[in-house]
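Report on the following structure.
Note that the chains are named A, B, C, D, E and F in the order they appear, and that numbering of residues resets to 1 at the start of each chain.
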Amino acid sequence: MKQVITLSIGGSLMVPGEPDVDYIKRVAALLRKHANKYKFAIVTGGGAAARLYARAMKKIVNNEFLADQAAIMSTWQNAYLILAVLHDRAYKTLPKTFDEAAQALETNDFVVMGGTLPGITTDSDAVLLAERVGSRRVVNVSNVDAIYTANPRKNKGARKISRMSVDALVAMAAENDTRKAGENFVFDMLACKLLARSGIEAHFVSGKNLKDLENAILGKRHGGTVVTPSSLA
Amino acid sequence: MKQVITLSIGGSLMVPGEPDVDYIKRVAALLRKHANKYKFAIVTGGGAAARLYARAMKKIVNNEFLADQAAIMSTWQNAYLILAVLHDRAYKTLPKTFDEAAQALETNDFVVMGGTLPGITTDSDAVLLAERVGSRRVVNVSNVDAIYTANPRKNKGARKISRMSVDALVAMAAENDTRKAGENFVFDMLACKLLARSGIEAHFVSGKNLKDLENAILGKRHGGTVVTPSSLA
Amino acid sequence: MKQVITLSIGGSLMVPGEPDVDYIKRVAALLRKHANKYKFAIVTGGGAAARLYARAMKKIVNNEFLADQAAIMSTWQNAYLILAVLHDRAYKTLPKTFDEAAQALETNDFVVMGGTLPGITTDSDAVLLAERVGSRRVVNVSNVDAIYTANPRKNKGARKISRMSVDALVAMAAENDTRKAGENFVFDMLACKLLARSGIEAHFVSGKNLKDLENAILGKRHGGTVVTPSSLA
Amino acid sequence: MKQVITLSIGGSLMVPGEPDVDYIKRVAALLRKHANKYKFAIVTGGGAAARLYARAMKKIVNNEFLADQAAIMSTWQNAYLILAVLHDRAYKTLPKTFDEAAQALETNDFVVMGGTLPGITTDSDAVLLAERVGSRRVVNVSNVDAIYTANPRKNKGARKISRMSVDALVAMAAENDTRKAGENFVFDMLACKLLARSGIEAHFVSGKNLKDLENAILGKRHGGTVVTPSSLA
Amino acid sequence: MKQVITLSIGGSLMVPGEPDVDYIKRVAALLRKHANKYKFAIVTGGGAAARLYARAMKKIVNNEFLADQAAIMSTWQNAYLILAVLHDRAYKTLPKTFDEAAQALETNDFVVMGGTLPGITTDSDAVLLAERVGSRRVVNVSNVDAIYTANPRKNKGARKISRMSVDALVAMAAENDTRKAGENFVFDMLACKLLARSGIEAHFVSGKNLKDLENAILGKRHGGTVVTPSSLA
Amino acid sequence: MKQVITLSIGGSLMVPGEPDVDYIKRVAALLRKHANKYKFAIVTGGGAAARLYARAMKKIVNNEFLADQAAIMSTWQNAYLILAVLHDRAYKTLPKTFDEAAQALETNDFVVMGGTLPGITTDSDAVLLAERVGSRRVVNVSNVDAIYTANPRKNKGARKISRMSVDALVAMAAENDTRKAGENFVFDMLACKLLARSGIEAHFVSGKNLKDLENAILGKRHGGTVVTPSSLA
């Protein structure tokens, strides 16, 4: 069977305000271009609608679980858009379990999921999916072009990191994750830990830079960051 | 058991642009006020997010089924908001079937559903729910204050109808339903037909006028339209 | 992928009193004959057992929803018979959703469904299935050989219509659908509306005339009626 | 909680040809009469429609599993009729598992199931249900008025047995179960074995004799047969 | 399609105390060796963990149903181990129904299930699975090398039976099945009856003797017992 | 409604080798004692069988996801034992979602769940459950009697902490979680983060000390550790 690449696509790329159809089509075209060599397991994030519903829920009951659950329904909508744009070669429904996703790749080139449980990020879902389908490479596609030594918006001396170990990423996450709203670090601790335990390589690229995304898929050099499972980075 | 009132709440009332939390809370307060006398079976429509996703889907694959299905996920989100605001007395999940909804009312005062199948409006879902739970009254809550003899925006001589038979409504629907986007008649043919077959009374009121909504729930006179199942209107 | 033809097979053809095994086998043989060129998405109606159970239910509780739901179980039984007769090339279970049905056609030549929701005819289910799987042609197989200008049993001057637009069908349905038991028009308003919105062509043939059915499948001239999506008929 | 009585109602009583609404209503009235003292867990058999579908299936593929599965759908229809006639106090859907049935009795006086797996009789399902919900008494309601020392239609000397041990029943089943079509013994080996392992008492009465059925429910003397779990009969 | 062989693998072979990984791998290697000629439908039993949980449950509530249900979860775990060892060619999840299992074999060479209902042995499940997927041969793999004329541990004159009819097996089961704990006969009555009704051949071999297992799969002579469906043995 | 206490019960307490029925009964007796004042939402861990299956899986395929999934089935078995011992007042099945668990508490005093997703600990599941059902207090019941300033087995100067903030717990987890097998810190980072975001108080007590467990349930002083959501500890 072809190698499986797992993608975690940030919701705000797909749905910055309303769904960005043009962007979705361009990503799909890129994936199709390489679908004779790879299969793709894709997890989509929430985006603008998810944020609006989560915020509304918090005003209604101030329950984090319920806010997450409402937001997760937006990740399903986003997954359904990706499923549609890749329809002829994609699994025709959103799998309810990771096992179903693994089976789906037997007969289709693409499988698309949204979120699963409240409290779990779609980045973590993506690494779980990667574990289940046997991906050796997760590509995290967000609106940040790489991991930096510090927040580049705040610190002029921040340098882009092209290659680092997952241990270093964890250390950085521990330091930067102040757990304040709007300041999430690029990859949460659980996702990092799952990468580490399964020895999966992660690539962090900007979704706006499709050339970087393509290179990450192909395992070539790109302008983002490669996180290696061991400390051999 | 208490009598069950079925409500079909228009999505654009709840989510005109983003979710209108204040409005949702005011409707909930009204329902709670009468929850010692009635139980409520509630179906929520789609609103702004539903329209954005449906439109995006049509640009992606131009498939009406997939567009509806994406929009239906927004109706679930809206239902989840209502479930949350009524949480202490509401069934804690969105029922997957009308049978489950009927059972839910045995132990809870409120049950909330979104849409079911593509091609079926949430108005039709509401009448099916009313049939299943044995409601004698459906209240259609939209952003139109009543049914008129003609479109009041286009025809100065249009008169509000305070009472009419479901047969007259069907005739009006047949005439006005030009099936062009953006010109949907207030209640679709299937919903009308289901009302007719089960002898359920329907009230059409503006969701903006909570006094009318309250009177419709109580079976009192209101400024909207009552549609009677027989031609005895 | 092969083109998908969607069939809506009337229950009274399959189960006029008890299941007509010989008829079921002959239809299956016809479908197999063309299964190297086409895939088939099939929806089965209720037939005699469905009517008996619906009637019994109405005597028990006089609830249209429950009567429909009991009848729908017969449509599943009928679907299961078709599934069995086409077993080696058919999806091995009745799909629970239209998405599952679409996926089923990736690896099988036939997929068979019964009804879905109370209040929705299996004709409407068939058009929804056609939308989901991308059929361009629905063949409605009933015990009527075509659509006529009037009811031929009552009106000697009734003429068979060989080709008409879906708009004309809707107009005819509106006029003839008196909504009295036993006088259902050949295709309900919802089914018509779904055809219209998706530009799907519908063929109405008698299930007793397998030559007509074959020609409808192949898109050739037949003795029934072709309903075209636009008014260019 | 009230004691739970489990009933296994033969399909041919409920649906001798078509559904016998009058009979169904009379049984329901009897159960309601005692519903303030007992709760009822009910399993319905197949009846005439089940036999027609099973026979049709065998002509189509000669597969016992598929024939059973088609027949099971009729048991669900029959269960749905009983659910409807007891609707105000019954669980509003057919439970998918025995656990769900057990939970249903927490908030309802009646729960109704049809068959489960091909190859398993609804009599066996009834004993499993009795085990799960903690019934101490199963009442088998069929068109035979009791267990006899021999087939009374063939043997003039056959005597009715009013009380026997489950071991004796097993011995009799082993001898009489010639496994030829149309000669099923009144209770299959698996059902007997399940009775034996759980020490559940079984009453065999004719469904035509509602007085016997009532006495069996109440644990009073009746004209049928009592099978005791131990050999202390 | 390739012929399907159904295997019922005893839990105590796979999990004598803890899971016997080496044994599981050796069985898998044998099955893979023949997977270009056959497909395999596999049912796994419970083993040591199942027994511990069933025993604990009986001490807690003394309910046979609940004890079985706890034990069944161990059969799923065992099935998941087999699924994993055959992962690249196996269906990626445990099918929830026999229909799903049948479909799974369309696109995979192996499908693995655990138990289904309390009260039903995994041997019976295996014959039901064989019926559903159209196997002509069930291989029962246990820690007994064959069926004997009497219990060889107790009776020195006990002779191994190399070939017998299913009727003879039933007779033997009726005589030996004393229904006392720890003295289960090799194949329960329901499993026998299902074999008989569907004309499926059963092979009884020791799982410790992989050569016998291989020969049973291939339909060759082996040191165990062949049970033929008719009395032509 | 009564206040809900959420318990996370460690698997090795319940199943140190085989299921410890006596221990399970004693915990149940304690919970029943307070069930007129509180409701209980309970999550059970894996224990010995879980570890054996996870280890076997890793030898078979070395896939962390599959190992977790096999182990999760043991958590379900453990949950089923607790469900059984509290049967008369417990929800009768393992809820499939947190929403279902929340609804279950409407009509029952106890609801029991096992694990959910691979990669997620049952401690995290317990905090998610607490969020969903609105618990203000989670009691973590393990074989450690409290949180210490250092590992007491290795460091003689380690002091027990009776009260600390969740922030301090996170810091400690970050330092001690060396992510090496067999050295898991008492509460994982995700569980901590979920506590923090929802302002839920956590109590860490030894399951061997039922008096401490009782005091933790009642919110009284105990010999374990209290983790407060804010830094006001």
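In this section, a contact is a pair of C-beta atoms (placed from the backbone, for glycine too) under 8 Å apart; a residue touches a chain by one contact, two chains touch by 3 or more.
Bear in mind that the values here come from a model prediction, so they are computed numbers and not experimental data.
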| request: Could you tell me the distance, in whole angstrom, between the mean C-alpha positions of chain C and chain D? | output: 37
| Rounded Å distance between chain B and chain C, as computed from the means of their C-alpha atoms | 30
| said: For chain A versus chain D, what separation do you get between their C-alpha means, in angstrom? | reply: 54
| said: Where in chain D do residues touch two or more of the other chains? | reply: 63, 66, 69, 99, 107
| task | If you connect every pair of chains that touch, what shape comes out? Choose line, ring, star, complete or other. | result | other
| remark: The chain pairs that touch are A-B, A-C, A-E, A-F, B-C, B-D, B-F, C-D, C-E, D-E, D-F, E-F
| remark: Listed in rising order, the residues of chain A that touch chain B in the complex are 18-19, 21, 24-25, 49, 52-53, 56-57, 59-61, 63, 66, 69-70, 73-74, 76-77, 80-81, 84-85, 87
| field | Footprint of chain E on chain A - complex, ascending | value | 1, 97, 99-100, 102-103, 106-107
| task | Using the touch rule from the top, collect the residues of chain D that touch chain B in their complex. | result | 88, 91-93, 107-108
| field | chain A residues within the chain F interface of the complex | value | 63-66, 69, 98-99, 116-120, 124, 127-128, 131-132, 134, 174, 179, 189-190, 193-194, 196-198
